[in-house]
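So, here come the structures, one by one.
Next come two complexes, and both contain chain A; in the first it sits with chain B, in the second with chain C.
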Partner chain A sequence: MTDKTSRSRTILVVGGGISGITAAVEAAEAGHDVVLIEKTPTLGGRVARMNRYFPKLCHPTCGLEINYQRIKKSSRIKVFTMSSVAAVKGGPGGYTVTVKTQPRYVKPSCTACGDCAAAATSEVANHHNYGMDKVKSAHLPHTMAFPMRYVIDGSVVGTPEGAAIQAACKIGAVDLDEKESSFELEVGAVVWATGWRPYPASNLTMYRYDDLPDVITNVEMERLASPDGPTGGKIVRPSDHAAPKTVALIQCAGSRDLNHLPYCSRVCCLASLKHAAYVREQMADAQVDIYYIDLRAHDKLESFVQRLKRDPQVGFVKSKPARIEPSGAGGGAVVCGENTLTREVYAKNYDLVVLATGMQPSVIEGDMPAMDKDLDAYGFIFPEGEAISAGVASGPLDVSMSVQSATAAALKAIRVASV
Partner chain B sequence: MSERKTGVYLCSGCGIGEAVNMAALEAVAKSEFKLEPKCHALLCGDEGVGLIRADVEGGVNQVVVGACSSRVMADRFAFNTAMTIRADLREKVIWSHPAGDEDTQMLAEDHIRMALSHAPKVKQAEPWVEGNYSQRICVLGAGVTGLSAAKEAAALGHDVLLVERSSELGGHARLGSKRLPHKPPYDAPAENDLADLIKAVEGNSKITVKTNTTVTKTAGMPGKFAVTLSCGAVEDVGAIIIATGYRPYDPSKLGHLGYGASPDVVTNTQFEEMLKAGKPSRKSNGAAVKSVAFIQCAGSRDPNHLNYCSSVCCATSLKQALEVIHADPTANCYVVYSEMRTPGVAEELYRTAQKAGVIFIKGAVKAVDGDLTVHVADELIGENVPLKGLDMVVLATGMVPNSTNPDAAAQEYGQEQLNADIDPEAPIKVAGYCGEAPATVEKRVQAQPPGGSLLNLQYRQGPHLPVLHDGFADSHYICFPYETRRTGIYTCGPVRRPMDWAEAVEDSQGAVMKAIQAVRSASAGAALHPRVGDLSFPKVNLNQCTKCRRCTVECPFGAIDEDEKEYPQFNATRCRRCGTCMGACPVRTISFDNYSVEMLTTQIKAVKIPDEFSGKPRILIIACENDAIPALDMAAIKRHGWSAHVRILSVRCLGSVSLLCISDALSVGYDGVMLMGCKPGDDYQCHFVKGSAMAAERLSKIGETLKSMMLEPERVAQVEVSIADGERIAGVINTFVDQITAIGFNPFKGF
Partner chain C sequence: MSTYDLNFARWVYENVDGGDKMALCMQCGTCSGSCPLGAQMDYGPRKLFMMVRAGLKDKVLESNTLWNCVSCYNCVVRCPRQVPVKYVLHSLGTAAVRAGIPAATKSDNARFARAFWWSASKLGRTDERIVTALFYFSYGLSKGFKMAMANLPVALGLVKTKRMHIGAPYMCKNKGELKTILAKAAEIEARHAK
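Moving on to the complex of A and B:
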């Protein structure tokens, strides 16, 4: 397919989550060259670490697989993992971008045979599972990783273990001498699809995330429920690995709070409803209570709320809990507060408490070149500014809206990059 | 294609060479297929790929690679002038079965046989390209969404035909007061800047605007649509964007909320017009409005009205309240709500409204009296509270998608437009198979909102764009929200789902992106999502066609029409290449250059079936390449092995599986057949919408065939598998193998 619209400069997409992937394939499939960079070893971003999507309760990897196939088939998309933007010069139509690449210690020739992992002896925190378990120092990021290549943790460089790993690779794909490197790209447009991070639960001191093991976050709940998660998909409370009989889901843990995130993170209500469904699917006798200010389920997602409301073992408590306290004995935690409707003061014991922490733009972490004029007060890249943003980089969005935003971003990038 | 020259390349790397006998694999190629394989210990490495590349440059035009799963290294084994066929020896052989085992070896050899046997039948796909293609984009509806779509498409060099049924541009926004905030700090109503948008469209020479116009007929296919307008003109366009927006929910149905009880009970759209006109005054007596109640969810989130949340009413009420207070700071505004939904940064507007003194009452409205007393069951104080002394009650009515044209009468379906495919939840009635006359397809009532079809598609499957429940266009609305079930026709704005102005603008950009891809791909003869770039298309041998019409009825995308002699007429650029037509055809006369029933049955028959004295059953698994095959690969990566007695056939979609594949398998001695595909039904996960549902429907008819073959019906099964079933799938297979083993060997074995 060659015709006039393909006469454009390359488009750089920063971030390889669902938004970045979407922006990249949509632009490429309209005949434009795209460079997609991702700072972790694999594409997929946050959605690859989710168990299911609301409201269909289908698996994110299903759509990712199709998108990966689209990337594989396209000769127009170049993917660089372990890479992030170090500097940007120029403006719309002509940017010079410095890309910084961290060592993976594994060359592109890796066949994913697994010999390196067999030789590895030490373990490191499993990034895919938010550090809830460990993986070998040489590991595949996860089974759906794209690109399907191993990565070696820097801790083994210069150790006998590192040497053993290097020796185990029959095809010489392990290179422990890799160093951080950088390269420059000349591009016509940049799409910022830098996504989000979970708001740090440690900041919510009244909820005792740091010292109560059975208080976890919503993203951790996704991993607990995932068949490839730390527990093989079994929802257990961390303190004793017992199946929880009572679960509290706390909404607006950080969101809609001037001391933390002033905005509503949009997805947490539905994510918690989904978590209630996970629990109820696994444990017939479990009771789930959702503590909320407002249940926010826009458009057809409303049917998902109604579905959960029909379940007599899912309770809805209009209240923002004041604090969480340790349980007297046997794990769990006590959720304390006042019911806004009944004015009842409660202190209820739960086996597991899940904090629905909100979404904070990744640029907050400060590893992005600043685009001050296009950032709003929260760090989102305002969608109608000069910088092109896609997905949660532009505001708190769900997956469907992120895809919508990313498809639009592809169009904007083409317009800017066209000559 | 020039003379076929096939090269066979086997990889012994990743432990394949240690786990299976490579010489025996080579021998299969040599003795059974008269092909000389080349073996390499790292075929995907530069040297291995170089070996293949040299042969390709020397004239090899078909490359058969026996190495890893086709899901990996696709870029390494892609060659410009040769097609590649993959035989998986790694994931589905040595990673999932014990090394050095006799059964593993038999499996590996069968994988080579399956690949090599059908290779001679696979042709390099030649695209369907015929006549002229239009790059022009038709946009239906000239509200904010449609105007933005027109502007965006024109900015990228496309001519645009913008069709608007009313006399003016602008839609609801034309009558609206301020906009919802869309720029930082998002805390106050924003100016209505519709005029700028209209100016940009009217001043653009690439955009042809047709007001007072509707579409009376749409024929053709992407790249070649012929759109007939109410003025009689017939316009050629390449893709169509539906931006017909919404209509407010009919307030006459909201008597329980006081509509009709007093002229001072109005809808939010009516109130918007009053705000635009200036300081609102009571309709009843012209007095100034000092006290207003805004009642949320008027029609929305109500099983008796609209099931869904209309998304924007909460924020719109806050905006209207702020406008009232801005005009008269002494005015009282009440918002009666059940959940205040101001997601994302719209929270700031909520905060502004709270600061401005808007009073929020959480509860349900029980009644609104003629004197405007609103009776609220207040949830916070737990009792019924009458809200008195109001000057006006504003009902925050929801949005109904204009999936149909409310001005036009609904068309009756002709016999030739049996509406078989509108309701995705209901499986299509399929006649019995194996050549008998098809049963009549019943005409079903469909859940379209009132009004005529927007495009009046001249498609065999009816004039409408298929909708999901609630009347919004059917799509994979999470991952691929723009993909409708009518290729080249995209929806955006509130017709797709309830959304506000800023979001509709963004949505229009997304839809334009898809429309541009559609016109480009159509002219190249290439498929769109999900088989992007596939150049094959369905070919039919009409000499064999029995005019049973199953293909035309079953196509999930309405790609096939019927000609005047009732033969199927394939519209290549509407086709998404799933092969459902191929699976539907009882006389296997529909095929693709690179995919056919014959290619599938050849692979099925290529497997060596051991006799019943061997104690080795053979079970065929027909697996969807989009989800079941990746799930098998995931299982293999985790080394979750499954029975070596199964043979896995990868298909584009279960919809493409003909019952003939299954009866062929049983007649050559397979002991059982299992279909693995995606979730069907309401929350379908099939990338081709109905493939797994169609397969199940067809399979329900196989009992008779099995009975006539004196076989147990339990030998054939379909299971639902998702891509995340890597941990479960091996167990599913093994359980089925145990069941088949318990039934015993197929008596056809050896015949």
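Moving on to the complex of A and C:
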């Protein structure tokens, strides 16, 4: 054990989504120094990529704004974006963590004026919109970025385009000579808020996500409905950009399935009910059908379920669709299966099909060998183990439960770092 | 009126191929929805499994679902609980025949299976003409004759295109050895049944 007097009381939070941000501000406001690291160019994580979220269906700009304010007001939080953990040594009370930082090619002096983006000519896949559209090689990650700073894609380094981007910056904030770097931190505790990723819909071969353009995932639906999404918030089907008249929402696409994710991802039922509400708000004549095994509307949101059940244009079909087939003509897709209440074998055409894919932990076995002993069979972090986890890193949770979990994690980290 | 046999589910779990996995079924409908003959079945696998649980022994063993399975394995690969649906159906079919359920023993499939087995076990080969003849005449002389006549053009076409031969039936070389093998198999099965 290290000498008590020389021990660091600093807390490292890994992951800058809603859970990581919460754990960081809670620990900092309780008087600890906090280092918050985030792999992507901005904080906000999956929440920033939602249109609205439970329990009150607010836009994420609101919750993030409040938390960004708390970070800015605290002198104790240091944020490092484009950074991830390369190695961890030591144990509770005294960790040495190696952090690796990828080049952003934009210095902190950036004022987010947008001159670099105007000078950029090539485009790259838009990570924020799950690759549904493209952005300029020099871009702001999204409108709610923190830090509010542009990022330049590595593909333009050493090209004439790169030189033009550099020349366009009036304050000289572009630095294309940046290299990958790393640094070491001495910390008392580590909070893992590494979050989740959507289960790959390509694995569900019977649902033909890869070859039918009008079969999309629930996270893509969030982007379609978002004002800063690829369509400016208009829900359209990808094949012809027409407003869908019939929409199928398919639950348990990969979850509760021993061939895919054996567990229930918990948030998808309410997320799909929310998607039904999005469609009904935008299109008065649209019909939405939700295909489910059981509706598992977690948390205190029964009233939301009841509200949608009263809507005659929202249908509930108790069935796990067996397969999705191409529609004869004019886009859309045919959903096939057995209605388990009526025993009817159906094949129904829809303009748009949304797969409610589940949550998979971001850090999976092998990504971080030092962590493997703390992961359960599905890759989530054991609550009883040595590692402190916040949010979905510990199991599927919605936003409000993630925030609760992050506050609990902050308290655990404070205890470990204070001994 | 349905009669319920409350020990039926347990019996199926313990004695039917894949029966031990049946308790995992969560009634999602993937099997019946995936089935190419799902719409033709009286119940479909999902509902049949629920009937097994309920103890509807007679209805289960009389069901045509057992006999409509074409072994395409769509249900087996898609089942989210990895229940080997196809094996369960076939094994329930065997159970129905052994229990002497008329709907089972008199089904087309059981008749065909008996004809197939006679040829395979006695000759060591399945001869199309013997199997089809046994199958047709299992319905009685006059119906069998009618069925044979109705399919005569198909048979002639097969002979013409050399897909069916005329002459002595195909047979394996050493029928005595086959007999010994089958006797041993019957002995092993009897041992397992105890």
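Basically, the second predicted complex is superposed on the first by the 402 of 419 C-alpha atoms of A that agree within 3 Å, B and C clash if a C-alpha of one lies under 4 Å from a C-alpha of the other, contacts with A are read in each partner's own complex, and residues count from 1 in each chain.
Note that in this section contacts are C-beta pairs under 8 Å (C-beta built on N, C-alpha and C of every residue); 3 or more make two chains touch, one makes a residue touch a chain.
Just so we're clear, the structure is a prediction, and the values are computed from it rather than from any experiment.
Novice: If you count the residues of chain A that each partner touches, which comes out higher, chain B or chain C?
Specialist: On the superposition, B touches more of the residues of chain A.
Novice: Could you tell me if A:377 is touching chain B, chain C, both of them or neither one (first, second, both, neither)?
Specialist: After superposition on chain A, A:377 lies in contact with chain B alone.
Novice: Just chain B (first), just chain C (second), both, or neither: which does A:303 touch?
Specialist: So A:303 only meets chain B here.
Novice: Which partner chains sit in contact with A:338 here, chain B, chain C, both or neither? Use first/second/both/neither.
Specialist: Once the two structures are laid over each other on A, A:338 reaches chain C alone.
Novice: Which partner does A:256 reach: the first (chain B), the second (chain C), both, or neither?
Specialist: The answer is both, since A:256 touches chain B and chain C.
Novice: Looking at A:165 after the superposition, I want to know if it touches chain B, chain C, both of them or none. Which is it: first, second, both, neither?
Specialist: neither
Novice: Tell me the contact category for A:319 with respect to chain B and chain C: first, second, both or neither.
Specialist: A:319 contacts chain C only, not chain B.
Novice: When the two structures are overlaid on chain A, which partner does A:396 contact: first (chain B), second (chain C), both, or neither?
Specialist: first
Novice: After superposition on the shared chain, which partner residues are touched by A:124: those of chain B (first), chain C (second), both, or neither?
Specialist: Neither partner.
Novice: Pick one for A:14: touches chain B only (first), chain C only (second), both, or neither.
Specialist: Touch status of A:14: no partner.
Novice: Of the residues on chain A, which ones does chain B touch that chain C also touches?
Specialist: Of chain A, residues 256, 318, 340 contact chain B in one complex and chain C in the other.
Novice: Report the residues of chain C in contact with chain A in the complex, numbered from low to high.
Specialist: Checking each residue of chain C against chain A gives 26-34, 38-39, 43-44, 46-47, 74, 77-78, 80-82.
Novice: Going by the contact rule at the top, pick out the chain A residues touching chain C in the complex.
Specialist: Going by the criterion above, the answer is residues 206, 252, 256-260, 293, 318-323, 336-340, 343, 345.
Novice: List the residues on chain A that touch chain B in their complex, please.
Specialist: 1, 3-5, 18, 25-26, 29-31, 51, 53, 55-59, 61-63, 65-67, 69-70, 72-74, 109, 111-113, 140, 143-144, 148, 170-171, 226-228, 232-233, 256, 262-266, 294-303, 306, 318, 340-342, 376-378, 380, 382-384, 395-397, 399-401, 403-405, 407-408, 410-412, 414-415, 418
Novice: Across the complex, what residues on chain B touch chain A?
Specialist: 13-15, 42, 44-46, 68, 71-75, 152, 155-157, 182-186, 300-301, 307-311, 339-348, 351, 362, 379-380, 382, 468, 470, 472, 476-482, 497-499, 502-503, 506-507, 509-510, 512-514, 516-517, 520-521, 524, 526, 529-530, 532-533, 626-627, 630, 634, 637-638, 678-679, 683, 685, 687, 722-728
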